[in-house]
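Labels for the chains are A, B and C, by order of writing; each one numbers its residues from 1.
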Amino acid sequence: MAQFWFYVFTLVFFLFDYFILAMGLNIQFGETGILNFAYIGFVALGAYVTGAVSLPSSVGTAQQYIFGFNMPFPFSLLAGGVAAMLMAVVVAFITLRRLRTDYLAMVLISLSLVLYDVINNYVRLFNGADGLYNVPQPMAGLFHLTSNAFVIFFACVTGVVALIMWFVMSRVTRSPLGRTFRAIRDDPDVASALGKGVFRYQLTSMLIGSFYAGIGGGLIIQFGGSFNPSAWLPGETFVVFAVIIVGGVGNNVGLLVGALLVETLLIHLPAFLPDIPGHPGLIEYIDAMVIGVALMVMLWVRPQGLVPERVRRFQVPTDELIHRDGHSVEAPVIDTMSATPTPSAMAAHEGEDA
Amino acid sequence: MSQFWLAFGFGLVTASVLAIAAVGLSLQFGITNYINFAYGDFMALGAYLAYFFNAEALHLNVWVSMIIGAVLMGAAAVLLNRFLLSPFARRFSKSFYVLIVTFGLSLIMLNLVYSIWGPNNRTYNMKLEIYKKIGPFLLNKDQIIVMIISVVLMLAIHLMLKTTRLGKSMRAMSDNTTLAMTSGIDTKMITTITWFLSGSLAGIAGTVLGISESQITPASGELFLFVIFAAVIVGGVGSIYGAMAGAVLIGLSTEISAAYINPAYKLDVAFVILILTLLFRPNGVFARPGKA
Amino acid sequence: MRYDDNVSAAADGPILRCEAITKAFGGVNAVNGATFEVPRNKITALIGPNGAGKTTVVNLLSGALKIDTGKVHLGNIDITNMERYKIARLGLMRTFQLSRELSGLTVLENLLVAPKVQAGESLFNIFFRPRLLQREEKQNLERALEILQTYGLYALRDNRASDLSGGQKKLLEISRGVMASPSLFLLDEPMAGVNPALIEKIGGYILDMKAQGVTVLMIEHNLNVVERICDNVIVLAEGRTLATGKLSELRENKEVVTAYLGEIINAGPSH
């Protein structure tokens, strides 16, 4: 019975954690249009830094790592979030100012491979291929929790963190700042013609998203006590993309639904299935292919996701409505045929693109 | 000094492999104007198909298997474009969607290779050639064949682009698709042929990568992908000759630096060059004004 | 210098001075020494045959393209190759030849996003000065609704911009520019491909803008429209300024007639 609750709350933990991760990628990709194919790298950095600051000094242990500050829980998590933000600053200054979407994606995916390579090879950073382990369970000692009770406890803590981060995120996306992000997503040229310093906003969006990535990563290492390179293969970024595309780009409720379907049902539930005899790992491979196919089908059939982005309607005060409808204006009748650009206008536009 | 020339020789081999791969990626990018993030997995699948004909079935010579693998990958690329990528590219005007689809395709292909051949290293069934001293270099016969294949392919692509109708149409499409279409070029046909070439070159590149490293793993293509990206960006995205030049630059610099610093950081050298290029020559080291 | 200062408040003299600007694309000179002034608080037309470099000039003035040589002054500020969002903040707005609506935003949001500098675009203000945000948003909302009403888009305010028809998108783009309170508004063929009734309407809007103190520089092929609403005309041919002045004077100018007007008269108004 205890085993059952252990499984359930493990799933609950990953549901909330991927909700946080999805919110972070959504503000970058869904709201601002930054195709961050290195997202999992930011998650990993958050996890490693959270782990390394909450561990005691590495001297005399079997592991090698930097930091080792014995930092208590919420602070260690914040350190992970801040570390991911610092990396975002560097990345943004190198890439965001110069590159169009697909070059940016190329450079970012390269970055995540290189980060992987460096952390794997440079053992003194985060213990290389073995990764960090024996990371203290936050507050477990304080409340004298057994390991099963800790899973339940920490899933709830993660739920609270996710709730706070949801609140903060919806404040941002509903604000004029969020509106400007979406303007940049739809057409960065128009946004800058309207006086928006596109880079500044993209940087802001990168920073917010990376903080979420770092926190999400930090929670993973605090929950499981360990983190190593096998947990953040570059393909993992795709899983987070799958969460937001299945759930609905630009909608926070959609992200929660996406996290439930993709992360919980497609990824962590199959992990509890027994291996097919004689084919170790086969289930994982098939699972990954299923996710890939599911995402493509979803993109084709319902590109807006299960819970689409809301059309933001404004509450106009009623008295104003009455006043305005007094001389209500009809939508202009426009002959759509004549509204199509003439061939000469098209040709001239080609010139504009040159 | 001899250490330098040894590394230089290995650099030429890497550059040869890289040039095949980078040109294949660039050809397709020029025509469709989006990056294929599954390209590394095209390479891996090509390498494993060659392995299948070489070591599992038929037991053909490795070079013959390479050609079969390349043709199959060319066909696979045509089908994937026809039934997956091109519908997405036509339906969505934003390039996001098709990029994510290629990213997803990469995940599917990688795991397909894993589920068929498992995670362990494989080696081609071929005679181990001894290394011989050739001038200042130390190379074996297979490495020299790889270099010859690469040079022949580059020359063939150069001649095709400059002299044949097909090549001229491809260049026209790469400059301006709409204009090419209105001037009577069968753009659909050219796109299909380009995907076939791109897939075949990926297949060849994957196999020769396996031969030059004397092993293949499912993830080798994915790791190599970013070295290809480095070559393509350094050479100027979309330029075929830039891709060739970028391949030589990246191939030589990674191998030569590996001789002097820890070879484990070979990839990172490519990345540093990539970043420096982005900072100082964002359109590529060899970029000419005009096509950015 | 604050970039949100509108230059209209600055001294008199032309609002825009453009001195011998050039731009080449891979060896082809698209703009080849264009020199002209845009007088303050007037409507000026930029005309010329196809390929004269009109759109390129607009792109150069608004900072969308880099100028190879030459200088551009907005008021007394040198805006040559300034970043384009900074140019926009100085009060120079533009529209695009093919309308570029912000497709995922509603019609109303397209306008609300336009004010150049908003307190609500700062993270600090979002969390620590909500009152300021509310006040600002209310002001912007009132102004946006007013503009939408003027432009006949009020009923469509909650529709996604991507759902609008071609002509509605043109109106949206112009009203979005107005929302940003420009001092100089560059209109790239505001009447291309719209029906005659809408041409009339847009002409009226442009005259209204002038009445409210906005200087307009518009690319326009339809000489009837130019005749009726524009105070001044700049003729561009092969990337150079061929002539400037009133349209009636230019009709007498033989060079202009051969380079451009003749072609128009022969080819009909659609070109």
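As a working rule, a contact is a pair of C-beta atoms (placed from the backbone, for glycine too) under 8 Å apart; a residue touches a chain by one contact, two chains touch by 3 or more.
What you see is a predicted model, and the numbers here were worked out from it, not measured in a lab.
Placing every chain at the mean of its C-alpha atoms, the farthest one from chain B is found to be C.
Of all chains displayed, A has the C-alpha centre closest to the centre of the whole protein C-alpha set. Averaged C-alpha coordinates put the centre of chain A at 39 Å from the centre of chain C.
Here the CA centre of chain B is 46 Å from the CA centre of chain C. A straight line joining the Cα centres of chain A and chain B is 30 Å long.
Contact of a single residue of chain B with at least two other chains is seen at no position.
Counting only residues that touch two or more partner chains, chain A has none. Across the assembly, chain C contributes 25 as residues in contact with two or more other chains.
Every residue of chain A that touches chain B in the complex is listed here, in rising order: 29, 33, 35, 37, 94-95, 98-99, 101-103, 105-107, 109-111, 113-114, 117-118, 121, 234-235, 237-238, 241-242, 245, 279, 281-282, 284-286, 288-289, 291-293, 295-296, 299-300, 303, 350.
Those residues of chain B that touch chain A in the shared complex are 34-35, 37, 84, 87-88, 91-92, 95-97, 99-101, 103-108, 110-112, 114-115, 118-119, 176, 178-179, 222-223, 225-226, 229-230, 232-233, 237, 262, 264-265, 267-268, 271, 274-275, 278-279, 282. Residues of chain C that touch chain A in their complex: 3-4, 25, 30, 50-51, 55-56, 59, 62, 64, 83-86, 88-89, 93-94, 96-98, 100, 102-106, 108-109, 112-114, 116-123, 126-127, 133, 136-137, 141, 145, 149, 152-158, 160, 165-168, 170-171, 176, 180, 189, 192-195, 197-198, 201, 270-271. Contact residues of chain A toward chain C in the complex are 168, 171-172, 175-177, 179-180, 182-183, 185-187, 189-198, 201, 204, 208, 250, 309, 311-314, 316, 320, 324, 328-336, 338-342, 344-345, 347-349, 351-352, 354.
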